[in-house]
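Below: a set of structures, written as structure tokens.
Presented sequentially are two complexes of chain A, the first with chain B as partner and the second with chain C.
What follows is the complex of A and B.
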């Protein structure tokens, strides 16, 4: 039987120490706990924070089991983050907390103070691999998961990575992922929230993109009862770029929120965002996004497309496609957002060709998601997700 | 080719003159229950209005200044409520004869071209100086047909029933801190009633002028367009430049009944040290049409989001707005459209230009409630940033709780294309002139909706603002 820590609200500095961890990490955890205690609950006005009330929770003192869905590609270091602290201390210390800073929210802070689980993925300089790495995270015995993944690509490295949350249990999941891309690196990253129906998931995912580096980011959100994901692509490097797509399905009882931030910091950075959402039954999905073009960036190109399809009158979708632009040295900046039903004309056309209405709706919705789902790198996984979405509509 | 902003001082020679302060009454600085009681007493108001004012004052005190959050703005931190005169009476009562208006005030409005405009193309005119309306007239042909156009203080006396029926029903005191403040200390503004089926086909106009330093102007406007009626109301606002801040916080409530049509046009050209915190809202019933045409050129900080609540089947709302922010200015403007009935339509078009360190923010809400099936919404926001010191934010909130809806939102932000400039300059046009032409062209969808006199005036103002914009 796993031992438990005291309730989160009454954790002391001594409680967050983990046996045999180096002093720098002990100090780091204690600083995060101090930050947690000083922070107010975040201003997430479209999220029901009662679903994420951690005060009385007791965390397990041990790590949960977690698995690699496929073999690690050659040349890539993949191991539990706790092991990497011992075996690759310099790399971990250099990057841990550099993308998701503990002070961004109470959830990020408590994760930093108490994480036990999570992966370390390291791709050395100029190592390129096409073999996708599939990491799956599930619940162990405890009802709360504090997981932390650190992914570091050195200069010129290439990696295809799928990070998936899957299964029932919990129900509380607090996940942090830090994606660090060195100069000229390329990361094809798929983040999948496919939790069981009772799960409450808070996520912080931040990618820091170096000079001339590229991230292709695919987000799939279909699981959980409550989801609040703060995602950020930080285009710090000159010539860095992101191609960011998402598919979200919220059906009965689900409240799924994604808050993607896109920061243009470097010169000549380029971003394309394409977020697609389907709401059904009493489902409620929120896109609360922001594109920020910082004063020092020049020749920026940024474009956001955001579309919501409503399959039932009770469903709700909110979108806040924000733009904050602090420079006039912008090549192109814009966003477009639409909401509505399945196109009547398309339906009519298909029905006129003898396709029953329900099937026609189905085909239109799958066609709507196709450009996103096509980006999932593993064929078996792509089929699995496609089938799961198809079954929902 | 680089475009750089110069330090630009706007030429206020036309608006910047100050008149001697020669007032009948001027309240001390600061706000208190005593100030509210005295104001109400001097106006000889009924008891219910005093009560309403005092309730609103309590709400004002209780609500925090919205510095952050969805509709907050940190710029509000520099607004000092204690440093403002809440009530200044310049004349004894509104005159309907121009000759009866006190000399200095008459001078003011003559320099601003008010009586001249009335003779030319207006159905009625109101002119407000500091807290109260000093001149008011409506052409006989309209009063004969039952149109009411009064200053709001007179309307409370002369139309007590209609006044009480609608006052504060569209924008309750608790709506926001500034609506509460206005309800507590409101003075002046326009009251318009257009009876069933009457089409007032030339505009009604109100002109608002702040003259004194540290003056707070809190006009209150209530407009009722009865079934099948139509009208167009235009307001203009100016003030001289002082070294300390003034506050303008209006509340405008509008009801457009079944099949009615109404347009409300504002050209806001307050001096660059005025906080302009305004709540404007209309409800539109079945097949009614409500249009806000809103130009914001002046002020230090404007926060204004004209709204239409679409309450009946087939109602239509439109907001067409432009904002121009120069040095030290923040135009935080936008629109709200709330769809509460089937087959309702809304259109929001926003154009903004920032320059010389100015900042423009588009902030808007589109809300589709359950049951508003067949709603159609179109939102377009375009921002032009003229130099590297200036900023632009776009924050649209979209909330859709209905499936059978067509909603499209589109926004772009950019600078003046070097190709466009090159093309114009290769035809012998100077860079400054070319930029000015491009900006005017960018705003043209707005200006073409204005009566000609206003369009010419707006273009002139923008050209003035653009002067010296090329380094």
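What follows is the complex of A and C.
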């Protein structure tokens, strides 16, 4: 069997079929391929789409390595999605593509058509666990990785999950993660893009949050040369909530973009977003966010904070926050944004206590990230990430 | 090396505006020296300029301490020389705990050029013991050690933390910039007691107390009182000068120095 698929532009309907997959999935893949062929490349004007050119992508027909980094919690189903298709077909079929639809972009479409990699995490009804599950995805053969992760929490389930992209290779990564939270479920989710320095990463990550369900989302973006992540929290359930934090570090040569969408759909939904960015050298980071409060969403509470620190004059950060309100019953909506160099008064204060300037800057920056890094569930991982960020500042 | 703080003909600007217009002042070791003056006289500019705040530009003059013109030193080097500025408005540093901040400050003081910081830094056990003792002495709850520095602290709490830092860093020359502002009488007593204890423990310590009101000087008793007006020291006297100012206000000095214009 060939380990490489034809070039993406010339993929045929037969090329996307995977041996022994059920008919519904074959049909689903072929429909996604057809969608891919009808779509134009997305209009992402702050992203250099040359970096994500399909012509350069070569898919592997084999799965790429992924590891479970910590002891998996009991009562939770964890396996490659390809295996789950056979072993848990009803659950997979019910949810696959329900959060990230193929038509949302060419990248989502081609991912749906060709994915080989990714994991399936399933927490049955009312199963609660505090043991964090840490999944690490690396590159395998071919220069392009298409991961597809499906995380399903049934009613009342609790899970702490870390999804991490790590290592060198590729350099193309096109990832989809779907996070489905049933009523009353709680997901503590840490998504980490810590790829090696040459990687180009496109991501679609969407959480659908049920009635009275809660997601605590921590995004860590420190790796890759180029990143474009379309992230969405869809507060579809009444009383659903999100606590959404991010730490992004873009240093020399990195262009890291996050486009978080927050949708308030249900009644009495609540969201707190706190996105922190540090740019250094010629690094460039973009926050391109949108908060949408739909007409049926009443008693809504939403708060967005986004702050960027510039550690060198050439470093750039763009912030494009948007807010659309289609209801006249918002309880609270707030936004705070800052961008600039390290505060002169803080530096003076620290130096006046005998702390050298370079160390003072270091402490201020690490303090800036502290509330985000503090949420990383595994202590060893938290220390590792903290040290990795500290080493780059 | 003289541990007198000697300020000679100091001129400093904010932007294009001259605030200090030739300050001459000597603070002797073992002396509590008060500077009093009306609002806008340049008192805070003086303390910030001595410490090296980047918003103030020195256009002329010198500040000597321990054999060096400290205006040539980086801010942290001035601190290492033994200078300490107790801030009027201490800034908050979110994400940096009081304990970590203070440990970095102590290690900054202990650092020796060319030596590995692991050799010079304070042993953790000793640090913990020290901070606990000092917090207890100042009536600061131990929980503050884990809080982010000045983040959400009340005015009184911030000032206590300033004094906590001072008592840990043991400066040889402390500048108290309007330490009494925003303090109620109880906090004022605690803060003053902290300063007095330090002075008792180190008979060579100099203290420059900058204040608008005489009230603080009831608790931190000065040996020398200087009056600052319009960017200059215009009068120097003993503790009785502070009482006279309290009684008569600043106008009589203004009239004596600048004439009453009538």
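Assume the second predicted complex is superposed on the first by the 390 of 393 C-alpha atoms of A that agree within 3 Å, B and C clash if a C-alpha of one lies under 4 Å from a C-alpha of the other, contacts with A are read in each partner's own complex, and residues count from 1 in each chain.
Heads up, the rule we're going with is that a residue touches a chain if its C-beta (ideal position, glycine included) is under 8 Å from a C-beta of that chain, and two chains touch if they have at least 3 such contacts.
None of the values given here were measured: they were computed from a predicted structure.
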When the two structures are laid over each other on chain A, do chain B and chain C clash or fit? fit
Considering only the touch criterion stated at the top, classify A:198 as touching first (chain B), second (chain C), both, or neither. neither
Decide which partner touches more residues of chain A, taking chain B and chain C as the two options. B
Based on the superposed arrangement, let me know which partner A:324 touches: chain B (first), chain C (second), both, or neither? first
With both complexes superposed on chain A, which partner does A:371 reach: first (chain B), second (chain C), both or neither? second
Would you check which partner chain A:337 touches, where first means chain B only, second means chain C only, and both and neither mean what they say? first
Tell me the contact category for A:315 with respect to chain B and chain C: first, second, both or neither. first
Have a look at where A:45 lands relative to chain B and chain C in the superposition and call it first, second, both or neither. first
Is A:345 touching anything from chain B or chain C once the two structures are fitted on A? First, second, both or neither. second
Under the superposition described above, what is the C-alpha centre angle at chain A formed with chain B and chain C, rounded in steps of 10 degrees? 70
Least Cα-Cα separation in the three-chain superposition, chain B to chain C, whole Å, stands at 12
Which positions of chain B touch chain A when the two form their complex? 3, 68-70, 370, 373, 383, 385-388, 390-415
Where on chain A does chain B make contact in their complex? 43, 45, 295, 308, 310-341
Under the touch definition given earlier, write down the residues of chain A that touch chain C in their complex. 343-346, 348-357, 359-360, 363-364, 366-371
In the complex, go through chain C and note every residue touching chain A. 51-55, 74-76, 78-80, 84-85, 87, 90-91, 93-96, 100-101, 104-106, 108-109, 111, 148, 165, 169
